[in-house]
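Here it is: the structure, laid out below.
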Amino acid sequence: MLDTSQRSAPKLSDKAGGLRSTRSLLTLAGVLLLAAVPLIAPSMQLLINLALAKGLAVLGVTILLRAGQVSFGHALFFGVSAYVGAFLMASMPQADLILVLIAGVAGAAISGLLVGLFVVRYRGIFFGMLNLAFSMIFWSILEKFYHITGGADGIRLARPTVLGMALERPEFEAVLFYLSLVLMVGLGWFTLRWFASPVGQIFQTIKTNETRLEYLGLSPKRVLLSGYLLSAALCGVGGSLMAMTQGVVTPEYVWWVRSAEMVFIAVLGGAGSVRGAFIGALIYEIVRVYASAFAGDIWQLLLGSFLLIIILFAPGGIMGIADSVMNRRSKSQPTNLGEDAQ
Amino acid sequence: MNLTIFLLALFDGISYAALVFIVALGLTLIFGVMRILNIAHGSLYAIGAYATVSLTGFFLALGFSPIFAFPLMIISAVLVGMLLGGPIEWLLLRRIYDKPEVLQLLVTFAVFMILEDAQRLVWGTQPYFQASALQALGNITLFGVTYTVYQLILLPLVAIGLLFGLRFFLRRTVIGKLILATTEDREAAQSIGIDADRVFLFTFIVGAVLAGLGGALASPTTSILPGMGADMIVLSFAVVATAGLGQIEGAAVAALLIGLGRSFAVYVWPEVAVLVPYLIMVLVLLIRPQGLFGSPVARKI
Amino acid sequence: MMKLLTTSALCAVLPLAAMAADKPETLKIGMTTFLTGPASVFGVPARDAMDIFVANLNAEGGINGVPIEVTYIDEGAGAEALTSEFRRVAQSGGAEIMLASISSGNCQTIAPLAEDLQVPNLMWDCGTQRIFEENEYDYVFRTQGNATSEMLAAVAYLLKTNPDFKTIAVVNQDYAWGRDSWDIFHTALEVMKPDVEVVGEFFPKFGSPDFSTEISRLQALRPDVILSTSWGGDLDTFVQQSFQRGLMNTSTFVLPLAESSLERLGPSLPAGHIVGARGDHYFLHPERRDDADFQSFMEQYKEATGDIPVYSVFHASQAFAAMQAAYEKAIADNGVDWPSEEQLLAAFEGLEFQGLGRPLYLREDNQGVESQLMGTSAQTGDYPFATLENIMIFDGDGLLPPIGETSIEWIKGLDASFVDTLQVETYDN
Amino acid sequence: MTSATQGTRRSGPPLLETRDLVIKFGGVTAANNVSMQIEAGRNLAIIGPNGAGKTTFLNICTGWLKPQQGKVFLEGEDITTLPPRKIVQRGVARAFQIPQLFTEHTALENLLISAAARDGMRNPLQSLHRIRQRDEMMHLLDLVNCADVADRTVVELSEGQRKLIDIAVALALKPRLLLMDEPTSGVASSQKHEVMEILVGALAEAGVTSVFVEHDMGIVARHADEVAVWNAGNVQLRGTPDEILEHPDVIRDVIGEEVA
């Protein structure tokens, strides 16, 4: 399956220590830059907010990539969370933002469990296609059961209150932006630590040797399910944030091209890389919005070609390129520097 | 659900299944031989349809009779196969056979995105409608319902012809045997002198021609719009996965199952018609995890 | 948190600025329309027409010397892209007034957004009546009729021309417009002709390319009347495939939006089918075809696009005329160079304006009152496509529920005599 | 020297017992109602011609395959139908003919993962490299003479090193019974005895009973407490190495094959 060398076993040698600090410095700089966006470039705020929400969902897909599995249906959990939020707001107009987020993520986790129990019996292409099938079933239900789901037009998601206060749109968008940023840093850090933890490491053995996993007294299906639930929950967070930012949820949230887009972004950023998920999402959204503004409606063509170049010449993705640049600059060439985990 | 309704649903189901099978056939062949699930197959299908409509429109304007629409379909399908299928395999896929499955899938997804935009740049976004081939064959009335001969008779015949034609080709001809050998074990095939690269190129072109032919044959029955590729490819995935990957006969049965399922749903509970193909896929894979005709892969230690 | 402070500071200043705004260099307008997808056959003509209206007005110096600049937003890109683009044009793009949209689904999404962004928005083409019946809007106006007036006109015309049909089936697009228009049509039929039986209800997805299974089902059902409020590419495909398989010989089609497809359908729309135009919009409008402005626009449009205008062009003309009338009225009423937002909104109250059809006015609930033109298709040979005969134009007033009452409730209270209470002018062609 | 760690003979049921096992495999009868007992503390070697069903026997005992007939008992408990993981949880570990390792992890990590799997994984935030069993695993690596390659990924290791790590991963589970499939194959013949010495030492130190399939009679002679001869699907003979290795049938059927 996926032979990326992205693992997170920090090396003890000092060379890696040096690289790790530059990497975390760059990450810190990136986060601060993003935090300043509402002040220095307010017109970009909405775009970056959407990219962060999408990045969280891509993080879910990245987790599965680490186990060598590709899901082409993870937009399902993205959509479930969005629609749970919309239905909640429709029935309880005074619901709070935190409640909408939690309800959405809970919905995503539950549907993750239900679908997961079925798909963890499969691997490779079948795993991908079955996830696709489940997302298409949910998509068809959203499209066709008009009187319940609002059909193709979707449902509006009114603005929830924030900690009890009903905010105007600009303030609400600022709160949402910084919430997305905090969730990015928090969940990104958690995912890095999770990857490095025994649970996360065992989850990644699914890619290399399930037989030995069984002979360690563990059920590969249950191990895969644990990662699957985490990835569904992360997609849930992304879906909920996107829904609240957009103010409308449509079956488009669950269309198969969006699931493929998530895998696209994960690999573009660097398959298996946590930072890559967000960097990939930012680049993808920026190209999508600005390419269509300047280069007519060929953003898909541009992004498709960009991905081809990445896959053919830099399979490690953008983070892979960044690593090699940093490695070359510091002369030494540790062979297998995975992403560090403080 | 009286008898006439049953038969009507049956006829509609068969003509729809024939079309879905023709498109899924190319996808199954490519996957069977090259282990690559070609997402760009959807774009090849759509471009086959657009090319047919443009060619037919052009020649009809010159005063040719509608019967010429049929050879033009084959020409557009071959054009799609040669001009698009060839370069995709030769320039792109050839470099990634050793790469992991997800990257191969994503290369075909990237090609899909590129072709979707390219198709929009060439043919624009307005719908095309060119039904002269369909009109040329006239109608037939069964049980009070008028069907077009094209949909009810021609398409199923072409589908059956392609099924047995491909089976004969793979099992009886030399090239066919080479393809089967390479499918079985690429290294072994190469070790006895089979030029696997040429076999893969040839297989991919045949697959692309089938995709283009699917689009060409579909063009008179539908209006040609951007996005038709995305709709058809996700349906072909359902057929291919239900059949068991690389199973040509399986694809025929799966296409029939899905075609009939969908058309009966339109008669019984229209809301669910869009849902049925994926429901069938999930149910089949629940019972036979490797698909209807796939063979389970035993893990040796 | 800086952003929060600056916005609250602004709120304090706002009331002072209500008095008068200074004249901008250009009046920026945002307009959403379908530039891609099946509905582009509908949205692109409206854009072309709007370019002509803007050019003509700018040639005369614009509004009080301010030229107009339009930014188009493609509804074909999906609801999400539309909302973010709408917000970008309305906020950072500096648009003072927005014209949104064609699809009823998008109107439902954008109306609350416009209210939120506090930008005046004219619903120039979408028809669902639920927007104004389900909540109040200060910034949102509709410069054309709605599903209620269009469907009631269609029912009235059907009952007048085919009083004795027994069965009906419907094939509407599966989104807000398709569902709402059927609810109204169906409720009206139940009260005005209770003995009619509904034999089939189909809601294929918006933008569906193929109707063969639905057509087979309809041929088996053999309904006397088939209603379809679909439009654009969907309607073209449905009518062409139905004509191909002879369905149009066995059932009378009621197509309240077919005026927009007449030219594209060509010979595929045979004589004897009921055609509507969502208002009194027809390129051979009996009362307007001899007027100078009407004819000069027809030439300009023919020259620019080579086609005949369809009702989306008429609706665009009405929205443009309403905007222009509102600005001019606000400037005149308040004696200022350029109206503030409050003054502009006030000008819209009860505004009277005229596009390419009859004059219209806005009711207190911001709903436009528009006459409805219905006709029967005829292949006269004057044109390579069907034209209309036995044309009836229903006056708009009688077709709308009293303010504050929902359409469905109001229609349930009607009965067969309603058709005779309508004020209507009839023309041979 | 045969390590004679004679476990005191307990009166209870044997550590592992099979009764009337019948295994048919694609026309081949791998086992023809085989009954066998394995006592705790006595290392048993299984010898026999290739293809006689020795590896299949290990697969049955660890639940990878189900027998057509017969039962398998672990200290009296019927484990015939249990999946491998449930049997492993009951203290049975396995090393393979082809080493089954996590190829993208380092040698040490393979052991740490095994230890984490055994002790349960509570803290999702603590790094694998900081779990408390780390020193113990380093000691185990040292025990199997692979401490120097602790930080090298499995793909970079030699065949022999992988075999040893494979066994160490099984040992890390602190099993009561270790089933090994040709532990020294792939190891340079000069080092075979040295490796076997290390292994038996490690097993003795950890009090683990072992059953191993072996072809090298020298290894069997010096390191097995007991030998079973597996031929054509049943256990022909069983006894101490000295008895078995001089036995004429064994020489003809098994060792003869070696000499020719």
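A, B, C and D label the chains in the order they appear, each numbered from 1.
Everything that follows uses one rule, which is that a contact is a pair of C-beta atoms (placed from the backbone, for glycine too) under 8 Å apart; a residue touches a chain by one contact, two chains touch by 3 or more.
Everything numeric here is computed off the predicted structure, so don't read it as measured data.
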Q) In the touch network of chains, how many steps separate chain C from chain D on the shortest route? A) 2
Q: Farthest from chain D by Cα centre, which chain is it? Let me know.
A: C
(Q) Of the chains shown, whose Cα centre falls closest to the middle of all protein Cα atoms? (A) A
Q. Roughly how many whole angstrom separate the Cα centroids of chain A and chain C?
A. 40
Q.
Quick check: how many Å separate the C-alpha centres of chain B and chain D?
A. 52
Q) Which whole number of Å gives the spacing of the CA centres of chain A and chain B? A) 32
Q | For chain A, residues contacting two or more additional chains | A | 3, 143-144, 211, 297
Q. For chain C, what residues touch not just one other chain but two or more?
A. 36, 203, 205
Q.
Which positions in chain D are in touch with at least two other chains?
A. 100
(Q) Per the contact definition, I'd like the list of chain C residues that touch chain B in the complex. (A) 35-38, 40-41, 44, 76, 201-203, 205, 207, 209-210, 212-214, 216-217, 219-220, 222, 233, 236-237, 240, 244-247
(Q) Looking at the complex, which residues from chain A come into contact with chain B? (A) 1-3, 65, 68, 70, 72, 118, 121-122, 124-126, 128-130, 132-134, 136-137, 140-141, 143-145, 211, 256-257, 260, 263-264, 267, 271, 297-301, 303-305, 307-308, 311-312, 315
Q) Any idea which chain B residues touch chain C in the complex? A) 4-5, 8, 11-12, 15-16, 120, 125-127, 129, 131, 134-135, 139, 143-148, 151, 221-228, 263, 266-267, 270-271, 273-274
**Q.** Touching residues (chain side chain B, partner chain A) in the complex
**A.** 37, 39, 92, 95-96, 99-103, 105-107, 109-114, 116-118, 120-121, 230, 234, 237-238, 241, 245, 271-272, 274-275, 277-279, 281-282, 285-286, 289-290, 299, 301
Q.
Taking the touch rule as given, give the residues of chain A at its contact with chain C in the complex, in rising order.
A. 38-39, 42-43, 46-47, 50, 143-144, 146-147, 151-154, 156, 158-159, 168-171, 174, 246-248, 250, 252, 297
